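Structures incoming, each one as structure tokens.
Heads up, the next two complexes both have chain A, just with different partners, chain B and then chain C.
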Partner chain A sequence: MYKNTRGAYLYLIPAILLVSVFIYIAVGLNFYYSLFRWNTYSEKVWVGLANYTRLFQDGNFWTGLKNNLLFAVISVTFQVGIALALAAVLEQKWLRRFGGFCRTVLFVPSLLSMTVVGLMWQLMLNPNMGFVNKALKAVGLGAIAIDWLGNASTAIFCVIASSQWQFVGYTMMLFIVAIQKIPDDFYEAAEIDGANAIQSFFYVTVPNVREMTLLNLTTTLIGAFKVFDEVYVMTNGGPGRASEVLGTLLFRSGFREDAMGYASAVGAVIFVITFALSIAQIRMFKIDSTGQKGGEG
Partner chain B sequence: MKSHGIRLSPTTVLLRVLAVILFCIMLAGALYPMYWVAMSGFKTTTELLISPFKLPSAFSLKNYIGVWKVGISKFFLNSVFITVSSAALTAVVSAFAAFPLSRYRFKMRGFWFMFLLCGLMLAPQVSLISNYKILQALHLYDSYLGLILVYTAFRVPYTMFLMWSYFMTTPKDIEEAACIDGCSSFMIFWKMLIPMSKPIMATGILLTARYVWNDFLFSLIYTESAALKTIPYGLNSLKGESGTDWGQLLAGMTISSIPIIVLFICTQKYFVRGLTVGAVKG
Partner chain C sequence: MKRTISMILAILMIAAAFAGCGSEAAAPSGSGAPTESSSAGGSAPAAEGDAVTFKFMHQWAEENRLPYWENLVNSYMEANPNVTIETEVVPNEPYKEKIRVMLGGNDVPDLFFTWDGEWVSRFAKNKAITELDSLMSDEFKASFNQGILTTGQVDGVQYSLPIRTCVNFVLYNKQIFADNNITIPTTWDEFMAVCETLKNAGVTPIALGNAEGWAAAHYVSALNVQMVPWQTLNDDYYLVTGDFTDPGYVDAMNLLKAMNDKGYFMDGMTSTSQNIAREMFNAGQTAMIYDQCASFKTYYLDKMEADSWDVFALPVVEGAKGDLDMMVAWVDQFAVSSTSQHPDAVIDFLEYFYNEENQLQMQKELGFVSTISSVTGNTENSFPQLVAAMEIINKCKGFISVIDLEMDGSVASVYQSGIQELFTTKTAEQIMEEVRAEAARVKAEQ
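Now for the complex of A and B:
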């Protein structure tokens, strides 16, 4: 432990500068910008909270928010609930050798870029060249072989599905790491007490991976409100505006319709949601500067 | 779940068979789309449309070469350059920051730690418009440097935390001994702490590389000229308004995914270590 304050700042300055400018000042500016009506070339006109009132009356905003919420609910189901169950099965002793292979393969999609996954799904679902509809027809389900991404009621679900395909293996891997840390004695004790596999899952596994569950839960929720790439690539918010999410609404308002003030207001809403969730996450893990993050919720 | 010596009940056997079948279906579901993309890249357009399930009649590299020439080569090299620079810069800046936060005792330490860490909480979209204006004001809009600085800023909070939690666990006695012998703090940092922390440096660099290689949004917004765009943008732009060369697009998707998958296979343990220190999806 050194006490030279000036020395400490020499090391810290690059990080402080970068984070201040591109994160903190940027967020501050975003709130400031949201109070004006302006575009790339015009002067800023003060409008107070008008961008926000317009936002809350905009049907596209509510569609976007609804789609983000759908994303959140389905992602939590798959990436927290189902991923944990899958991890627990893969960590069963009789399945361990196969399990190692399985988890590596299921992890690979999370390495691909969302752009590649988005394009992959778009091509798979394409009515002309994709294999999904051809496969459906081949097994006699031709009736549901529709234009999945061109249909307002199915588009967002296909985008959400692509995201689950990509990330279930990822959170499953995290759960596996957490399960591996549980001492074997716990399971042996449960077995002696007569617990079957399902009971030891609920009474041993679940309580002992509580920290990882909370972490995955908050990260997945935050992720659901940050969605952009998949939607932009697969549907660009369409057909019409049916699969719009807040991220694409921001992009479209700011960089296509050149309504920068309005787009900043969308940004402010995304900020409030993700910030609240992040605070919850940091508080849950009691991260502080004195030592390792503590477990208890 | 010890089973040797004990007779398994029929229900257990049935459940296990079902579990194995389920996982086989999942494996197929994960692998088939990737396999389909890689294989389809070898096909002609007619084959793509008529026989999506069959193997290509001839493994022609036409699409792969075609897409490389059409411009993916430029996007690919941009991606390599921006990814390597951002990952290196992030590692240096984060290690510099983590060092005093784990070794110095000064008044504002707790504050600056939380200040940097809380940068994690920001969704990149929130700062999209402000950073677009900030970069313009700094004359860094539409430049490699601007893009690299934004990537670095967004990766520093997590990478700093990763390194800090590792620095906290490395023994301080050796450093203190060196300190008595009159070693400067930079020498301790550079000659002792960094060499001891190679695994976590590798982890930090890999996770940043994955993030930057795969990112689409920043390249879309913070650069304008096609000459500076990275590969996710390049791929999406292959999807033309009128008529897309599907074969080339599929080949491009494969080309863009290979580096990161190879990197993962070679460095699996560093990847997984990073995931466990506090998982943040890229």
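Now for the complex of A and C:
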């Protein structure tokens, strides 16, 4: 083993410098900037924590947070729960013949650009020329054929739905990889013990893809709080501010209302939330990896 | 030995990382080699042979508008071989964000399009744009319609130059009106009766796409002028008082809401963009649309049969407390960045744009109403709908802009997004409550 530890630090310097310039300093500056009232072309006026007090009194912030939470809950249900179930079904022996085809069909949406998906769904949901309302009317459900993205109570759910449509296939693919790593013996043993398909799913598949579940869970959660593109493209936070998420609130404050300090404060809150989630993720993985090491050693 | 090599490698890597940053920061100052020499000359007039490069940003990206601007820039560069103009075109909606980002960076366009009202005054107050009085000749200044020239002034100082006057009108499909024996309405009640007739005949009365949020706000802007006393309106918009307590504001929104409730607007109004609404009117799928005169040429004249449409002023609400001789209008502007290295060259280009020949060409090709006195009244290259619109504009006594341009950005944002929710979840009273709260907050900050 190479003993020179000082040399190792030397190799780390470039990476540390790059990371600190582009991440740590940027994050620090963001906090600093959130203490001023300013826009891109003005002087900065010190306001202390005023941006934060305004933020916590701002109904749009709470709407945004609520919508992020909705995003998180629904995304976890679909991209972790349903994706795992789909993966398990597609890995069933009797379905393996069509497995490849089904996997591809479900996976393809995640290869598309989010903007394209957003625009596509925007057109599909349009009451004048969209496919969705035409289909609803054709099957006699004309009564619920509303202006999906124009209605404050349905807009955010439509955006979330399009996001699920896009990414369920992706996490499902990750689960499939994890399931394929489970030795067949486990399933055979379960079968001999008299387990049916559902029991072997819960007692063999689920515990054995625990790591992947954790990974998908945290990335989905963090993704739900960082979401921007889908909302920006499909509704731009509208109608009014009904489908605003923290990302679009930040963008609108900074680049539409010339309140960069306020936008920085929103950014800081998003950072705190995603940072807390990341810490949780790192801690959980640490427990897991040390456990594994002990097993191997 | 190994150690020295690794040391050198590590140092090289660090150096490489920072060299990357360095060149990035240095790039904007000299994106083309010829500019290097000129930057030393500072703001000296573009003398012959002195190579000058400046950036020009505007928002007319439509395929039938772009050629005019390309020709203008190219013909200027042909006549002035030492000048290079780098044009960037960003469509209307993204422009609102892009310009703010650019003004904050190192890549500021020397000459750029901006809206009037709050936009110009905010840029001017933050010294993002340069004052033009000292740069313009008296002759150049005198060529403008002096009333309209004031739209580019902040506290009496000229900060931007007006490009075109924009006033909203109701456009209607002549065939549909004739088929249903409809005469042009002049009062709001008549207007509603027309909509009712059309709806009963199975025609969608009005195309309106409010996905971007401004299209419905334009109705409210116009109705505010009718419903709210003129002085109160001004005091509120410019936050002199910022009370917004006049019941006229609520009435104005309720008039619009009633139209939607009765089904006079097309389906999916809130989630459809105004460009799609324009297409629907073009295709004869709706009887009317409310749009501004500077769009007549590009969006209607070029796309519909010549005599198939005409215009009338938005009908008036009888007995309303507002000043019915006033109108909603806004005037788009050109501004010069305060960081421009070559303001004289930019002004020279502007003088070229505002010369009679190019202005006449603009009226002809784009249908913009020129702000140069000698060209404004020229109907030679115009078309009947624009002439009719000009007659209505000329009769009016004064203007106030649309809410999204005239008010403070955050108050306007609350107001405008409130209007978007007016049709589904919010009442007019709730929206005005929010506007009052935001106006009070902004006023306290000032």
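We take it that the second predicted complex is superposed on the first by the 268 of 297 C-alpha atoms of A that agree within 3 Å, B and C clash if a C-alpha of one lies under 4 Å from a C-alpha of the other, contacts with A are read in each partner's own complex, and residues count from 1 in each chain.
We take it that a residue touches a chain if its C-beta (ideal position, glycine included) is under 8 Å from a C-beta of that chain, and two chains touch if they have at least 3 such contacts.
Just so you know, these numbers come straight off a predicted model, no measurement behind them.
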item	value
Partner chain(s) touched by A:64 [first = chain B, second = chain C, both, neither]	neither
Touched partner set for A:18, first chain B, second chain C, both or neither	both
Which superposed partner A:219 touches (first chain B, second chain C, both, neither)	first
Chain B versus chain C as contact partner of A:93, first or second or both or neither	first
Partner chain(s) touched by A:173 [first = chain B, second = chain C, both, neither]	first
Partner chain in contact with A:241 - chain B first, chain C second, else both or neither	second
Dominant toucher of chain A (residue count), chain B or chain C	B
Chain A positions touched by chain B in one structure and by chain C in the second	4, 7, 11, 14, 18, 21, 128, 251, 255
Of all residues in chain A, those that touch chain B in their complex	1-5, 7-9, 11-12, 14-16, 18-19, 21-30, 33, 86, 89-90, 92-95, 98, 102, 104-106, 108-109, 111-116, 119-121, 123-124, 128-131, 134-135, 165, 167, 169-170, 173-174, 177, 187-188, 191, 197, 215-216, 219, 222-223, 225-226, 228-229, 232-233, 246-247, 250-251, 254-255, 260, 263-264, 267-268, 270-271, 274-275, 278-279, 282, 285, 287-293
Residue numbers on chain B that touch chain A, as the complex places them	1-3, 12, 15-16, 19-20, 23, 26-27, 29-31, 33-34, 36-37, 40, 48-49, 52-53, 92-94, 96-97, 99-101, 103-107, 109-110, 112-131, 133-134, 149-150, 152-154, 156-157, 160-161, 165, 168-169, 172, 179, 185, 189, 210, 213-217, 221, 231-232, 235-236, 239, 246, 249-250, 253, 256-257, 260-261, 264, 268, 272, 275-276, 278-281
Residue ranges of chain C in contact with chain A within the complex	3, 6-7, 10, 13-14, 17, 21, 96-97, 100-101, 103-105, 122-123, 126, 128, 211-213, 266-272, 276, 280, 409-410, 413, 417-421, 423-426, 441, 445
Complex interface listing, chain A residues touching chain C	4, 7, 10-11, 13-14, 17-18, 21, 37, 39-43, 54, 122, 125-128, 147-153, 155, 235-242, 251-252, 255-259
